[in-house]
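Below you will find the structure I want to go over with you.
The chains carry the letters A, B, C, D and E, assigned in the order they are written, with residues numbered from 1 in each.
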Amino acid sequence: MDIARVISKRSSALWAPFLILILLASLPLCAPQYTIILLTTIFMYIVITVSWTMFSGPTGYISLAPAAFFGVGVYTSALLGLVLPLPAIIGIGGLASFCLALFVGALTLRLRGTYFVMFTFGLVELLLHFVLWWEVNITGTTGRVVPTVNNTKVFYFMLIIFVILMFALYTIRGSRFGLALEAIGQNEDAAAHTGVNVTMVKVITFAISAFFMGAAGALMATRWTYIDPKIAFNPLLSFMPVLMAIFGGMGQLYGPIIGAAIFAYLEEFLITRFPYYYMLIFGTIMVIAIVYMPEGLVGLIRRLLKSSTEGRHART
Amino acid sequence: MPVLEGKGLTKYFGGLVAVSNVDLHVDEGEIVGLIGPNGAGKTTLFNLISGALPLRSGTILFKGQKISGLKPYEICRRGVARTFQSIKVFPDMSALQNVLLGSYFGVSPGMSSMEALREAKEILEFMGLSASSATRARDLTLASQKRLEVARALATKPQLLLIDEMMAGLNPTEVAQAIELVSSIRKNGITIIMIEHVMKAIMNVCERIIVLHHGQKIAEGTPQEIVSSETVIKVYLGERARAAS
Amino acid sequence: MLQVSDIDTYYGNIQALWGVSLRIDEAEIVALVGANGAGKTTLLNTVSGLLHPASGRIEFCGKRIDGMAAYAIVQLGMSHIPEGRRLFPDMSTRENLQLGAYPRRLWKHKEKTLEEVYKIFPILKEKESQLARTLSGGEQQMVAIGRGLMSMPRLCIIDEPSSGLAPVVVDEIFQIILRLRNEDIGIFLVEQNVQQTLEIADRAYVLENGRITLGGESKELLQQEVIRKAYLGL
Amino acid sequence: MIVRVLDIGIAGLLLGGIYALIAVGLTLQYGVARVLNIAHGEFIMIGAFITWSLYIIFGINPLLSLAICGPAIFTIGFLLYRTLFRRLRISSASPAAFEGSSMLACFGLLFIIQNLAILIWGADIKGYSYLAFPIRFWGQTFAANRLITLGFALAIGLIFYFFLTWSRLGKAIRAAAQDAAAAELMGINIDQVLALCFGFGALMAGLGGTLLSMSYKIQPTMGLEYTVIALIVIVLGGLGSIPGSFIGGLLLGLVGSIVTYIQPGLSLVAYYLLFMLLLLAKPTGILGK
Amino acid sequence: MKSKVLPGILAFAVAALFMVSSAEAKRRPAKDKIVIGQAIALSGPLAGGVAIAGGPIYELWVEEVNKNGGIYVKEYGKKLPVVLKRYDDKSDIGTMTNLLEKLILNDKVDFVFPPWGTAWLYAAAQIANKYHYILIGGPGGALKLKELKLPYFFQVLNFSETQAPGLAGIFKEVGVKSVAVIYRGDLHGVEYGDAMVPYFKKKGIEVKMKKSYPPGIKDLSPLLKEAKSLGVDAFCAASYPDGGMLLTGQSIELGINFNAFFITVTPFSPNLYRDTFGVDVVEGVMGGGAWNAKSSPGAKELVDKYVSRFGVEPDYWGALYYWSSLQHFQQAIEKAGTLDQKKIRDVMATSTFQTALGPFWYDKNRYFVNHPGEIGQWQKGVFEVIDPGEKRTAPPLYPKPPWPKKKK
């Protein structure tokens, strides 16, 4: 980790994300409302996918718990209604997920491979059915109405969550904590014997990634207006970040972002154009994508870029 | 005063005894060799010392303090570092990053980035790996990877270093270099326990040898005592050794 | 019996073998020696069909086999006993051995073949219902060799049979290899234990960095200065 | 009291039998062929719908359609592996990469199969009545069709177990599960064996679907919940262990039945709680190493 | 550096793509048709319910209106044909809310139709109300929605508060002494489960058992056996089609019979329920609803139209309700003479129109009250309305005959 090199790399590459950010931030001024709504959804997927990648990318622990963390955020928001200001609700939602992740992480991160995968998936279903039972049998009701919030406001908050997430991600990647995380992914035993408190590093990263999922959930609840356990803890949402990250390519930081953005947009595009065939088309695209782009979109782009530069070399 | 002291170390895997009631002590500045056929429990013993596996019974003292029961990272931070039989470098990290991790998280965590970087570079230099400091670990040769593992272990600033089969798979030239390296590490005041199959290396560098068989310590002594021990020849070295000696 | 001519093999983008040629005759022990990472296992895998050469040709009993799948090559009478034994850990000794006779032609006679193998390794008969994972290292190696013999091969490729075994057990394994040769089975042997290997082999090749650098009668090789220095540490 | 216990036990086994069958199928696909088949439930759904069509349109006895459905779905599974998954396996850099990419491909398949089913059969719930009458013994009543389902599930499981233990191909499958490269060196055509495994997995799902359709109503979206249950069971039983999956399936059925008797609202909570507690206590499953 | 610039360009391109795609947002062209948007489950777990209960009615209505040349709107001085623009919400509430807003904001549809499912209706009602779009409640709706006081929302279907007293009345009339109640752990189940108990108590009927079960349960036999062992006269279940079918199937399989057997959602479907089990088998089963071809001339006409269009009978709960609400809606537009939501809403809230089920109006909470019936019962293949009073098309059959003995 040559620090000088890292810094120089950053300053010259910083303008691009900044430009995009300014562009996105100014979008509500000119773009139609629905574009804002769609972008909010897309950014929700990006936030979930990137925060998933934050933990699962370097460590190689495939977590299927996103739906649980997202759902905890959603439910926090639903429980609190709008008695508190929105930023506070987002913060509490994130914090609730953070705490859950700390607990679950401390309990389960000794599991490896498929066992961890299945445990995290079980968590989603357990929470779903437990909350359902709790509401029906203890509180005697189910489902909650969440007051709606201005769409533009939701968009800006989602953008802010995204920016904070990216900032957190960059900070972690550049730090010794990030180095330890990467080491854990490559060889956990060796990392432990090199003095890294592997459990702590894993659990904390797991919890940080859960924080962002929970925050996104708390925010999105205001868009859904009505919440019940089956809606909040939708198991499909656990698979989405995995699929999106693989689709985009996990080799690079921007892979999951592109993957999530295109995946989410494609789905919306197909569902509105071909309501009766969209699953067929979507499924076919997924199968073709995985066969022809084993390293995801990023891999494909790289290959294209490589062949084009090679072509240029050949010409000169 | 012994740096490391183990009493009645025992470990079972399922119903099988892996290490059975082994006592051992290592004095400061020593190089101790650990030999025995495969499955004798050598690596298991290392795993017990470094905290990778919990003990079934027995205690391990390091500099008079109990370390059995501690987590691997805690033991490492107290000054016990190790390498692995099957290489466990971080394959997609550069050699420098591999070593840097040791500096960051070893005996003295919390040192500044600049200091850690300087130290890591020094260690790479010492191990003769400066030239490949930016190379990804997976692209290094086998011998260099083994060195890198030792470098990473050294970066944690240990007082006791456990080396597990550093010579296996190296050619004689590389073996000679490795032997030299082990001696120079010792010169820096680090106590060493090494598991080795390459007899030549063991005989050359070790002052004392412990022989394990079926999880039990069957012999202990100077290299000369070991090669002439009846028990060792019978269970381990075989007739050929007898003929040769 | 086996003729390897000028093969190149790649691992991904990295070339591992460069123009390797060698031959093995009937009932002959041929050793392949070389440092770790020289490409010995790659060469064996290429011969047995687990890897495919990018160029060159391999003939076995007059048949061209480069490009054939490994399972098809087994049926021609070549058996590859891989490094690290690679037994099926949750199957019994007996089942492991039976699988050696998997090709349909051999499956019918597997019980008879099994008796033959038990004659060579009487201890395996005693442990025939034990799970492979519970056997000792030496016994596992015997099962691995026995399993290789179940296909009644004309050529047996044995990769590092001594690794991880106590010197006493290694002696025993080498005795068995010699015995196989006497039963008219060709042996292609890779070993780190160069001295001992060259003592039992008829001929040997030296592989360095993916290239064959030396080859000849093992007795002669044993006397050569280069070998003595590089591999025997003398 | 004893009668009550017996009643709960048998009710649990009735459901557990199907779980077991489905889980064994997934074990073959995931434990052996390394394909985390998220679309496993879709094969169940297809099996159920084919059975329904055969019964409603041609009046073919559902038990007879076991013989039609099974081979048909086996073929689909086999061909899928030969074309799609084999290609993915060869092009994947590592087993882990294959697991990821095959899961993504299975998700694609899930969407495709479900959409096709909606196009062919419509999205609505379907069902038929077959052998829907009570049988009494030991002072308790049981549904005839469920007893037959259990009988067939056990028989299929047993036949398959003997096939794996005794036959040449069965041994090859077990060998491939334990060490694919070594199996290839035994002269086993690994591509063929893995494709067969995937096919057998699909076959089990198809048979499960046929049996399910005798007692449950069917609809194109029914698959995922069975996939989830099968996933739980295979982990519960120890990954890759076929007897483990079978026992795990029966166990899950029993637990569900016991909890439904005490507090029906918690029956699904109990599934997951049992699953997670077992993972924590013995991460490798009931019959895992 | 190049590899760092690339993502920038790519992300930019993606952003640009969104803008272009949403720039399609059309300006309102000269009016030549009325576009009605509907985000409803075409796939996912709810799709089955959509197909058997409610979904097709909207299509049939659109075809019917267009057959007559469309809806006359005075503002434009002509009849405007109707176009139904449907999106698939995948049975996911997040997708539904997005698509509903897309219909309103991006596609600028003239009206929206409701999604399927109670929870979905809750969310949709709030969104439609936010944009001042009329939403005529279709399949679903419950008590809690009343509390939200949404001025643009109209509830059509009867619900727990109207059906539970109906059921209790019938039980009292036929002499039911004790009941067992089970309910699905969701909004529908909880509301019905809670609503039934006090009405039974008021009529002096003992509730001996009340238990919930989770959606997705695979075995309900313990509940049936428990109720049987308690010796109750009536068994009532608040369930959705999955549970309703399972419950009936298991009762038949186990030969467990009650004097009265009631399921809220499921028996009303002739093709799913009656035809799956058989006319003899379902004889005497009660279900929420209800209407049949005998309810009114318009009802008969609807059944005929539906059968000739889809080949099966409509469901005997919502179909007539939605159909009539749409007829009411059409007349309200024609009376208002405009497509303005506010004006049409005011007309709808205050006017009574003749529809297939007879006169149709909303009360002050904008709830439709003139239900054709609350409780139905299968009798000889007809879903008879057995409510006390003039709506009744046949007297209740009590006790329910036992399930037929095995016969193939």
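We adopt the following convention: contacts are C-beta pairs under 8 Å (C-beta built on N, C-alpha and C of every residue); 3 or more make two chains touch, one makes a residue touch a chain.
Everything numeric here is computed off the predicted structure, so don't read it as measured data.
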Tell me which chains count as touching both chain C and chain D. none
Higher-contact pair (C-beta pairs counted), A-B versus A-E: A-E
Between chain D and chain E, tell me the centre distance in angstrom, where each centre is the average of that chain's C-alpha atoms. 35
Which whole number of Å gives the spacing of the CA centres of chain B and chain C? 32
Any idea how many Å lie between the Cα centroids of chain C and chain E? 73
Chain E touches at least 2 other chains through residues 42-43, 185, 212, 214
Would you please write down the residue numbers of chain A that are in contact with two or more other chains? 129, 133, 136-137, 276, 278-279
Chain C residues counted as touching two or more neighbouring chains: none
Which chain pairs touch, all of them: A-B, A-D, A-E, B-C, C-D, D-E
Please output the residues of chain C touching chain D within their complex, sorted ascending. 48, 50, 69-72, 74-75, 79-82, 86-91, 95, 98-100, 102-104, 107, 147, 151
Under the stated contact criterion, what part of chain D meets chain E in this complex? 7-8, 11, 14-15, 114-115, 118, 122-129, 132-134, 141-146, 215-217, 219-221, 225, 256-257, 260-261, 264-269
Chain A-touching residues of chain D, taken from the complex the two chains share: 38, 84, 87-88, 91-93, 96-97, 100-101, 103-105, 107-116, 118-119, 224, 228, 231-232, 235, 239, 265-266, 268-269, 271-273, 275-276, 279-280, 283-284
Contacting residues of chain C [partner chain B, same complex]: 35-37, 136-137, 164-169, 171, 192, 229-233
Which bits of chain A are touching chain D when the two form their complex? 60, 62, 107-108, 110-112, 114-115, 118-119, 121-123, 125-126, 129-130, 133, 136-137, 235, 239, 242-243, 246-247, 276-280, 282-287, 289-291, 294
